[in-house]
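Every chain is named by a letter (A, B, C and D) in the order it is written, and numbering of its residues begins at 1.
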Amino acid sequence: MRKLRAGIVAATGTVGQRMIQLLENHPWFEVSTVAASDNSAGKRYADATRWQLETPIPQSVAKMTVQASAPGLDCDFVLSSPPGEVAEQLELQLAKSGLPVVSNASSHRMKPDVPLLIPEINADHLSAIEVQKQRLGSKGFIVTNPNCTTIGLVFPLAPLQNRFGLEAVHTVTMQALSGAGYPGESALDMLDNVVPAIALGGEDNKVETEPLKILGRWAENRFLDASIRISAMTHRVSVRDGHLEAVSVKLKQKATRDEVEAAIRDFTSPIDELGLPSAPRPAIVVESHIQRPQPRIDRDRGKGMTVVTGPVMACPVLDFKFRVVSHNTIRGAAGAAILNAELLFRRGLIG
Amino acid sequence: MRKLRAGIVAATGTVGQRMIQLLENHPWFEVSTVAASDNSAGKRYADATRWQLETPIPQSVAKMTVQASAPGLDCDFVLSSPPGEVAEQLELQLAKSGLPVVSNASSHRMKPDVPLLIPEINADHLSAIEVQKQRLGSKGFIVTNPNCTTIGLVFPLAPLQNRFGLEAVHTVTMQALSGAGYPGESALDMLDNVVPAIALGGEDNKVETEPLKILGRWAENRFLDASIRISAMTHRVSVRDGHLEAVSVKLKQKATRDEVEAAIRDFTSPIDELGLPSAPRPAIVVESHIQRPQPRIDRDRGKGMTVVTGPVMACPVLDFKFRVVSHNTIRGAAGAAILNAELLFRRGLIG
Amino acid sequence: MRKLRAGIVAATGTVGQRMIQLLENHPWFEVSTVAASDNSAGKRYADATRWQLETPIPQSVAKMTVQASAPGLDCDFVLSSPPGEVAEQLELQLAKSGLPVVSNASSHRMKPDVPLLIPEINADHLSAIEVQKQRLGSKGFIVTNPNCTTIGLVFPLAPLQNRFGLEAVHTVTMQALSGAGYPGESALDMLDNVVPAIALGGEDNKVETEPLKILGRWAENRFLDASIRISAMTHRVSVRDGHLEAVSVKLKQKATRDEVEAAIRDFTSPIDELGLPSAPRPAIVVESHIQRPQPRIDRDRGKGMTVVTGPVMACPVLDFKFRVVSHNTIRGAAGAAILNAELLFRRGLIG
Amino acid sequence: MRKLRAGIVAATGTVGQRMIQLLENHPWFEVSTVAASDNSAGKRYADATRWQLETPIPQSVAKMTVQASAPGLDCDFVLSSPPGEVAEQLELQLAKSGLPVVSNASSHRMKPDVPLLIPEINADHLSAIEVQKQRLGSKGFIVTNPNCTTIGLVFPLAPLQNRFGLEAVHTVTMQALSGAGYPGESALDMLDNVVPAIALGGEDNKVETEPLKILGRWAENRFLDASIRISAMTHRVSVRDGHLEAVSVKLKQKATRDEVEAAIRDFTSPIDELGLPSAPRPAIVVESHIQRPQPRIDRDRGKGMTVVTGPVMACPVLDFKFRVVSHNTIRGAAGAAILNAELLFRRGLIG
């Protein structure tokens, strides 16, 4: 089988590097093009990037010449994670030029015909693409993955919403440094400290709204949000990778602690049978020790694609509480986008 | 004025060291005796302790000979912070021997005639001492201060309970290393990590119960707990000093955000007029920037005795949310005990 | 081929865990027995150990029952890393009972008939085993690997000694937390700090003496030390794995910077042709950027078995200077011992 | 006495903040003007700066309007720490406009008529000012303090040079984050890591050359460098404040360990009798424990102005070795400049 050719947009960034790392030896995709901002364009990729990962730059990519991020990239689809200020226009141009754009950026996530996709959870939202293509007047389109903190949160929420209905969700996050990109946080701010309200609260807002779309439905050509009240308080901590969240939930139906934990543990997905190469098995692991999960110990489960929760406990204020750890640049960003591309390929939407 | 002579029990520990540091140049008290476990007894204090603080050991204390922790200490009252397994019996013996015991340990906190005292908040709970003395058959008695995490939490809660009534409180903590004593946490556990469920959840339990007694009333010779549902999830982070908590509250009466923030900002206490040397003015500061408070920046306010909150924000799940930082070994432990002793002195209960 | 059965002594420790991790899927060896101190003996391995590594405990080992560390272990050879106070007698007993003991402990390293072995550097030192067997009156014997800091240092030194002769070596180390075992250093000591003089200077002493034996010769039934003056100043830093050393050398023969760097880069070993499974290819990598090597970026090269140096620079005081990073629990401990066992096997000394 | 009015240039930077902090309640000087880059000019100081220190911004400074850094500042002298690329021209303009410029910047340090001043060590170098004034044709002039790493190193070296003569000095540094200014190092680079070769080796070069001028003589209208070979290898570690250096020295005259340690311990200075407010007494402390000094424990000695060494030990390669810690933004920068200004005032060179 000829591999599909992926163009990496914002290839020198933290998420772009992870995409390149994760695509090395991918069975379906290969990196055909790396694109970045104008002051990187024209350089060898190895020279243009400050590589942050423990494994070396894949040989084939290291020697590629970085292209400018613009329509005309030589690829079958784009994996995109540009910074917020340029993402909206750039991704729109790429899609209008006919390319499928699989994006990690936030600009288009909440658009009324753009799927905010987690394959295990809302694969049916892909139906929105047809509507979107008509709007854009192109065979190209945009599919997005959620914010890194949203993804970890939504995994345990999805089975609870399905089985018992969610009335309210309260999450307090302790997020990793890599979520801010490079150079990101100053070492002087982080040593011996915790910094609240990531992005001056912008992160809180994403976590309070994105799950409503993800857990909602696509019906009659539009998204119907789930009806859940969500409160988020975000914090940056001195951890390289792996977002930890302390979550409390109020359910619509009564349930016992055991039933709630079982619902999370037994999570299965309609896409399990598709054999997507990046889909972890299982997607969620429930650790039983009260001091789990921990970012350093649990972030790499399932090659960073498995979400790990701790035990479910009674909450004296809402109904139940538990913690969740997910790898923010793999499950929450680069791996999420690649898994989205894999689903699109299986569904015949790219390739 | 002759200074009252304080005996420090568990003088070589993290909290004992802070007590000694804070009593240097104290206007009312002086350290007359340092006591510790048997394998320190007999040594010079400077040799028996692994001093952790930036300021040097006070000269007069450095050369003292460490006594065994047992009745018969040469002092007017005891400042005590022994480890949990010995605290209960030891403090009981000390009180029965006739000494006022001002304790930071948890063993006696929830006893029905032992004040769980924060002078600014529940000074009237001292009335329980009379009942306690009768039980012990001694002029000695025990007064305790709350857990370090409880103290920081209760400061903003107290004015909310007074003005609006509290129905529910949800707190997620990010706690400092010094809270675990020395050597405490392994550097291997803490580097690049966050550890949940301090003391295997024992810490959560203290934070969920102690505020009920503190915010309750002493009436008809017994404590009546406040009726508030509290949920706590605790975590240890790589911070030396300063516990950060992300707090959400549900009020009994309706209130606006401005009213709630004003209630916290305008907190005053009946003891403000007593001129206690360790009482901070103000007791609470409200910072308006959304990324405050932070442990490193805010823990030393008011010489570590002022509690700092951030702005009050609407909570989509409960009513309001905010963050609080307090210095865990000063406001939350050593300074709390000394302030308790100061109040006892002013009230004529020691000296 | 039947795999040789390895008994892991001190299997629950930091180095023992690495040995078990590295032996998973080893082509020649398999773990047949795990032994530890008496209070672990009798428990399931998974219950007796506080596993520190990112990969899970190998299934076959997790369910083994921990044995007491004593003669009679069911295995073909022992991989041993007991704490200093018990190592000497225990390893002697094991060897006298007929077992080959491949040790990471320091007790026997400097004994006059015990090889202090780095296969790439002094494989010929194995000749001492015959003499040792006679002393012990056993077919068992002891082979040791050097201290973790010594190993990283000796790799670049070996080719310099061979080509130019070494007159003096000055090293200042910045060593990782895992070198102290678990729980090891207190997080309170390490946060915002560097701690000098590891093991109260005992570490400095090992680094100043062990290289003399390693770079020396076995001749006429005894070891002749190399004649090099070595000065070491050791420090513990907040790094999980990977010891960094800043090294200056004075050579006996004149050489240019390029010649010195080439000597290190072109390092080859007589054992390269043996195809030992854990032998890295290459054994040393020279990075050319002045800000390399760094512990986090370079420790995992060659699965943690490759030693990484930075560029060679002129030293105004001695002749040349450079930095070196090596993974202290792999190249410097568990991997070193396993590689020693592989060499023993190839030479027909075990199996 | 009317206080001299100090103008702070680069007042919003890490060193400028320390200068403002240290001048609060200074007996001789007061801050009259704060200046910074054009995009801060015109703002309130409290709004223009991201204050990093634990103590609050002094009230009188918080409300000042930031001026542009340019001649015409309303002050009696300037305390200056501009970034390298603008320092040279700016400080020259300020001096030519008639102002004494007490600078922490590196641009003018090695100029042939600019004192590189440490008052305790080379106060006689102030004689160069007369020559400089003639060159500039102004009553203004420039006096500089050394690089933060140089200062800590030179303190123990000065008495050794005086008593025994220094032939060679080898230093390996472990430097604090605050030395890089704010935001400085990325938290992603520093967590679980050490970064070698500060400023791509530029820092090494300063440390190898500045001591030669400081320990040299002003004679016949020019500086004669000391004749010492110095080798420096610099590293950045996860420490907020306090540079640690591991130093080895070769002496010209023979000396015992005790004599060398005594020479450092007994360091006195001609300026001790001047009663300069910021001069620490003593200037150097020698700690006897082998695991001292440590950055966190020793950086704040003498309000950050005292340099702390550990015990002197024999060095197998050179003659002796020891460690030194100094507070890089106080003793090594802001406090150094203020002490320089105090000496200038006492000598009648400003005011």
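FYI, a residue touches a chain if its C-beta (ideal position, glycine included) is under 8 Å from a C-beta of that chain, and two chains touch if they have at least 3 such contacts.
All figures in this text were calculated on a predicted structure; none of them were measured in a lab.
> Could you tell me which chains make contact with chain B and chain C both?
A, D
> Measuring centre to centre with C-alpha atoms, which chain is farthest from chain B?
C
> Give the chain pair, either B-D or A-B, that is connected by more C-beta contacts.
A-B
> For chain A and chain D, let me know how many angstrom lie between their CA-based centres, rounded off.
Chain centroid spacing, chain A to chain D, equals 48 Å.
> How many Å are there between the centre of chain A and the centre of chain B, using C-alpha atoms for each centre?
Chain centroid spacing, chain A to chain B, equals 42 Å.
> Using mean CA coordinates as chain centres, what's the chain B-chain D distance in Å?
Chain centres of chain B and chain D, defined by C-alpha means, are spaced 41 Å apart.
> Where does chain C touch two or more other chains at once, residue-wise?
191-192, 238-240, 296-297
> Quick check: in the complex, which residue numbers of chain A touch chain B?
Residue list for chain A touching chain B: 168-170, 172, 174, 191-197, 200-201, 208, 229-231, 233, 235, 237-240, 244, 246, 248, 250, 290-297, 310, 315-318, 321, 323.
> Applying the document's contact rule, which stretches of chain D touch chain B when the two form their complex?
For this pair, the touching residues of chain D are 54, 191-192, 296-297, 300.
> Would you pull the chain A residues touching chain D in the complex into a rising list?
Touch residues, chain A against chain D: 52, 177-178, 182-192, 238-240.
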